[in-house]
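Reading through the structure tokens given below for one structure.
The letters A, B, C, D and E name the chains in turn, as written, and every chain counts its residues from 1.
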Amino acid sequence: MADNILELSDVCADIDQYHILHGVDLALPRGELTVLLGRNGAGKSTTLRTIMGLTKVTRGELRFQGQSIRGVPTPAIARRGIAFVPEHMGIFSLLSVRENMVLAAIGGAMDEARLDWIFNLFPPLKRFWDKPAGTLSGGQKQMLAIARAVIEPRELLLVDEPTKGLAPAIINDLADAFEELKAQRVAILLVEQNFNFSRRLGQSVAVMSDGRIVHRGRMADLAEDEALQRELLGLGLGAHQ
Amino acid sequence: MSAAPTSSSQAAAPRTGLLARLRALPEERPHVFLLAVVAIVPIFLMPWSTWLVLTLSGLAMGAMVFLMASGMSLTFGLMSVLNLAHGAFISVGAFAGASMLVYALSGYAQSPSLAANLVAIVPAFLAAAAVAALLGVVFERLVIRPVYGDHLKQILVTVGGSIVIFELIEVIWGHHDIPVPRPEALRGALVIGGIAIEKYRLLAVVLGLALYAGLLWVIERTRLGILIRAGVESREMVEIHGYRIGLLFLAVFAGGCALAGLGGAMWGLYREMITTHMGDELMISVIVVIILGGLGSIRGCFYGAMLVGLVNLYVGFLEPRLAAVATVGLMVAVLMWRPQGLIPVIKV
Amino acid sequence: MLDAILSGDRPRSRVLGVLLALIFVCLAAGPFLFSGTRAFAMLGTICIFIIVVAAYDLMLGYTHIVSFAHTMFFGIGAYGVAMAIAAWGNGFGAIAAGVGIALVLSMVLALLLGLLSLRVKAIFFALVTLAVAFAFLSLVNQLYHVTGGEDGLRVQVPRVLGPAYRLVEGGVPGFGLDVFFANLGAGLGEAARQAAFELRLNGRVLMYYVAFGTALLVFLFLLRLVNSPFGKVLQAIRENEFRAQALGYRTVLYRTAVVILAAVLATLAGALFALFNRYVNPENTLNFELMVFILLMCVIGGMGTLYGAVLGVAAFLVAQNYLQDLLRVLAARMPDAGWAAELVAPERWLLWFGLLFVLSVYFFPAGIVGQLRARARARHDGD
Amino acid sequence: MSVQAAAPVLETRELTIRFGGHVAVDSVSCAFHAGTLTAIVGPNGAGKTTWFNLISGQLRASAGKVLLRGEDITGLGPAARADKGLGRAFQLTNLFPNLSVQENVRLAVASRHRIGHVFWQTAARRRDIAEAATGYLAQVNLAGRADAAVASLSHGDQRKLEVALMLALEPEVFMFDEPTAGMSVDEVPVILELIAEIKRRQDKVVLLVEHKMDVVRSLADRIVVLHNGQLVADGEPALVIASPIVQEAYLGATPAAA
Amino acid sequence: AEPFRVAHVTDLSGALAAYAQQLATGMDMGFEYATQGKMEVAGRKIELIRKDSQGDPARARALVEEAYAEDDAHIVVGPVASGVALATLPIAEEYERVIMPEGVADAITGASWNRYVVRVGRNSSQDAVSNAVALGKPGVCVATIAQDYAFGRDGVAAYKQAMTPTGGQVVHEEYLPTDATDFTAAAERLFGSLRERSDCAEGKYIFAIWAGSVNPLARIQDLQPQRFGIKLAAGGNILPVLASYADLEGMEGAGFYYFESPANPINDWMVREHFARFKAAPDFFTAQGFSQALAIVAALEKSGGKSDADDLLEAFHGLTFETPKGTMQIRPEDGQALQSMYHFRIKREERDNWFADRKGPVGVPEMVREIKFDEMDIPVRNKKG
């Protein structure tokens, strides 16, 4: 058990009266980066939200570090060590960049070294430190969202499409950052459409369709297997990246 | 992406000349500018000793209005809850405070000694704040909680809730007016150079300023302030960061109600007579104040209250009939000039 | 046929359909079905407020413009007629002039408010209208020479609309449902005998039907409006004004048009109210409380449905008029004085009213109409 | 790049906007001709979206002009500009969340037919509008979800609807702001094909903000580079991409893998 | 015989609920006293129906109409809010039945009067005239402060009119919005109008005509008018307001009723019973309600039990009857009951018997003298023209 930080077994979840997840089975190895793939509407984002306790779980079990987190309120889940970057980023647009970061550092003061590391990664954050976050550009908001998630050390990072809207140079830097986090034995669950990016980072991979996991395996195997890609995702992943 | 072009507030003008600074005032510090204009123009319309009395009284009245408005501004600015039951909480505070003074501590309140008066007043104000806060906790749980994020429903349930609170006041305290004699030390006026200033108004000014400073500090300087401001935008994101937003909002709401209660106790002692619906008396002024200042800005609320206090007195002297219309007119004029109020906070 | 009249906007719930039909019958045959004066007054008020609330729903439910100045327009209509009659006598010419002046004033004010709504945003606008309406109220109170101040104005209606005028000599038979049900205990036959009454077709009944007819026409007109392309644009503005603009709709024009239309209808309703009620004062036409009641009627009925206006008005006014009687019955059953008795004392009716107020917002989050439709849909899906 | 004889359809002249002290778009002059697809690239925060906002009227310029077919439209609001043929799809999804997918598109079609003021006729009677709307949905692969409420669509599906709305307006100038961001790999070609199709019609102007360089390479006739609000490069794709400023400031030290 | 039906339609809830409660209590006790608890007079049972108009004129109209049309009431008593009462008057005319409004507005027996109106309570002219009589003499200067609506303006007009014959003069009139709460500006002007005058040897007064609970006098007193030799004056008021007069020791005026002022057996009975039943003193409106009941009983006795509107009106007009306030007389011209008023001077005292639930310093209106109704010339204002 010790090597899986998070385990989902047969998780079903509803949004309002709609059944969105129909039995998700997923295990995240500690310190590895797992990529979650799937078409639009497959339920990837919902899976992440379910882990955070943001949707109604109707069946199944979720275990984080061996303990059940089903029914645990979101703040408590977060404090157990899971950080989450939602797909709409969830920037507090009225707060300044600094205040956004202050909030993210639940431990109290921000660690200077870590902050420097972040500034290095995303220079615009330093530049707009005291500006209202709402006036940042789309990509800058994405940077801030990621920065908030990593300002403190966490056990598990859930990231929903981080490269969306980022310029290529930044994407490269971001990949480096994730590499570093991996090196610190942080487990990461990454939803990503940019296959180049996820292939570079991913160790294991899961593919979703229609609210279920339809494939699990090593990233390397999927990356080789053009036919499997076609079957699972409708298209070779090499195209258009 | 927001399309509203935001005006420059940080566009620091490097010029330092006094004239240049004055010229930049309307844009950079509209609240100071407006307050100055409103206070200076009437000098030419009345004897200057009258002007002095009215100005001092007006500022003191503004302080009293601020005591009442700050709570509403707080709940609105921080939680985006439009609490139209605020007036009911003002009444509750007035009744709770008065009960302390009239029933429990009447001996101290009536004694001619200042110390004894303080023994009565401080607990009375605390009781007013505490009772209102407690009621606020209940109110938040039962009435407000289901309608976070929906202004329209907030308006409805809080108006409904205020009807209930007013009725409960009558059930508990009976439906007659209750006289609340002011403690000896706060009666009468200080006469300085032929100008009389009521002592009670001085107390209002002191309390108002203290509260203003305290609130500013909490909201702008503390993590609590940041957190609450964040919560207005997205409760979900605050929870994702690991904070229990529910508790936080409960506390803020109770705080807002406590301020209303305190304001009510002050107001009750000012009128020396408390009536069930007295809390609604100033609601329009309160609403004008929080719009004028820019919804949710404590600083704006303070300046707005001062403006309303002054305008009320000046116009009350020049043409009493127009006093009510004048403050509303001032508000509309300010909004035409600055659509978000003097110090905008929330972009709604 | 019915579809054409209703502009294709069917009730979409059987219960709702039945309720609406019931209300329609009660209103259409009202004077013949209820014998008491209070019931008569209530039915007339329901007709008039259907106009007010439906017009308000056009703004609130369909366009998301929250205005607290709706009563101001209602009051302008009412005072327009009342003051015209006071000044120029009780002829129809005076009434027409009063309504005309009121309409012009309303339109101008609505235009100004519409322009203001451009400048400031949603909740600001709501609070500003609140303050403006308050200033207007205070003005009416201050100008008591012409408005009667807090004491209000008596409206001397033309003879044709008053109680003295008879459409036909003698009475026509009516059957008082209220009396019938009240006396059911005495047996069916007896109750029926008690319930039969003679209705005098006087000018007040005529006035009632004027109000009823106007309400019906206005309602059908609004129903058509909201289901037209124009109505769809309004909904788009409600959902996302920014995007509606980007699609090429000049939302300013639409918003202003809606504000003006709602104001005009409210003014019209105000005029009817003055003529029906024959008395006008700030409390009845301009108060903030009245404004909140209108808002509540709109919300309990179901915002953005128009049918909600009908249900909301009916439910609200019935509760307001008969809650106290209900409490009296309850209080009579209470054993003795004490807390419980104090709480159900008839004077405490506002307490229960307030509670109902709050609860109705919770239990009908989507309004009665929304709730009924959701149920119907759920049943439909279940099949 | 061949010299175009015809007058430009859209032109910005020294267009500038300041936010406080920050100049987000700095005196940008550029002209666009019918039948061309221009890609606009630049680092995050370069001012691309802001430039779009200035063109389509969401923001008012501090200085400079926007010309459409030679006519100065700088003073017009967004609605008037949309009416004149400027179509815009937003970077951050911006739809009518509680209306159905089909109603969303119908609104766009109705706007083009200019029937928004009609209040005497029920909308349901305009079958033509509904049919047209369904047609556009089919183009973006959303016909199956026509009756779903927009709020319940997944992110990618909302992006597609965003594109459908612009198609339905049938504008002369198409402005795409990262249309494929967040779209799954099998959907991307559909949207790209749509854009290519518009370009092939030869009478439209297409502006495309896009960070995916292979997309840019395969579609663009011309690339404009913004950096810190300024137009720093403009020209044929191959040349621009090879330019040092793009290589350094935009693509990072190592060029993105193809 | 058929019972005699009295409908008491008044504002039992709403802003004036406290007054209405007193009126209801007074009416009940009055009938009890007048009929020795039998509720029967001239061979007819008296039936009392009570309805709550909620302070809402429209509702009051519907209820009054209901009382006449459905309950077949012979007389409607109420409502107490003047505006609400005014709204109901035309209905009495339509139904040709008697109405006994409880409001004080002059308009009730003035502009809005109709022949079915009978009023036992005081009108504002009586308030004003009695105060003028109490205060006025040559060398007295008065500046008035009143609410800016019909009640205040009429009151000041009547006050001025009554002041002239006494030799006193009204030198300034100050009108404020009804809901005013800050009186600094008004005080500035009032002081200004009196301060410099030299023709006021017998005293400078500020006289307030104010309805509602926020009383300007205490606020003006705070600003120390004695600095300029100015004294305050005001009419009587309900006990809770008198309690706040504790600081206005020495203030003079005239009032409608204070339970220790009249000396007669009826008042003795009422005060005694009221203390016994409610552990509190009867107030203004208790006395008024009590008197209303006595008037109805007296009229029925006079008409020999006949209850047609015309019979009743005939009985009421010119009726002289005894009340807790002594003898009253209803004058035929406008149906207004003429009655004594009480000239008082405020004295600060500790009292524990005024209210059931609290005690404290109050301003007791000690009677200076009773002003009999024939000393006051109350204008008749219902001449239509």
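The working rule: contacts are C-beta pairs under 8 Å (C-beta built on N, C-alpha and C of every residue); 3 or more make two chains touch, one makes a residue touch a chain.
In this text the structure is predicted, and so the values were computed from the model without any measurement.
Path length between chain C and chain E in the chain contact graph, taken as the least number of steps between touching chains: 1.
Most remote chain with respect to chain A, judged by CA-atom centres, is E.
The chain with its Cα centre farthest from the Cα centre of chain B is D.
Note on chain placement: the centre of chain A and the centre of chain E lie 77 Å apart, centres being C-alpha means. Chain A and chain D have Cα centroids separated by 29 Å. Taking the mean of the C-alpha atoms as each chain's centre, chain A and chain C sit 53 Å apart.
Averaged C-alpha coordinates give centres for chain B and chain D that are 48 Å from one another. Chain D has residues 19, 49, 58, 90-92 in contact with two or more other chains. Counting partners per residue, chain B has 1, 3, 6, 321, 324, 347 as the residues that reach two or more other chains.
Residue numbers of chain C whose C-beta contacts span two or more other chains: 138, 142, 242, 348, 350. Against chain D, the residues of chain A that register as touching in their complex are 15, 18, 38-42, 45, 87-88, 124, 135-140, 142-143, 161, 164-173, 193, 195-196, 233-235, 237, 239-241. Interface residues of chain B, counted against chain C in their complex, comprise 3, 82, 143, 146-147, 151-153, 155-157, 159-164, 166-168, 171, 284, 287-288, 290-291, 295, 321, 324-325, 328-329, 331-332, 335-336, 339-341, 347-348. Every residue of chain C that touches chain E in the complex is listed here, in rising order: 36-38, 41, 138, 141-142, 144, 149-152, 154, 163, 277-279, 281, 283-284, 324, 346-350.
Chain C meets chain D in the complex at residues 7-8, 224-225, 227-233, 235-236, 239-240, 242-251, 254.
Contact residues on chain E toward chain C in their complex (touch as defined above): 12-13, 17, 52, 55-58, 61-63, 65-66, 69-70, 82-83, 86-87, 90, 94, 105, 107, 112, 148-150, 177-178.
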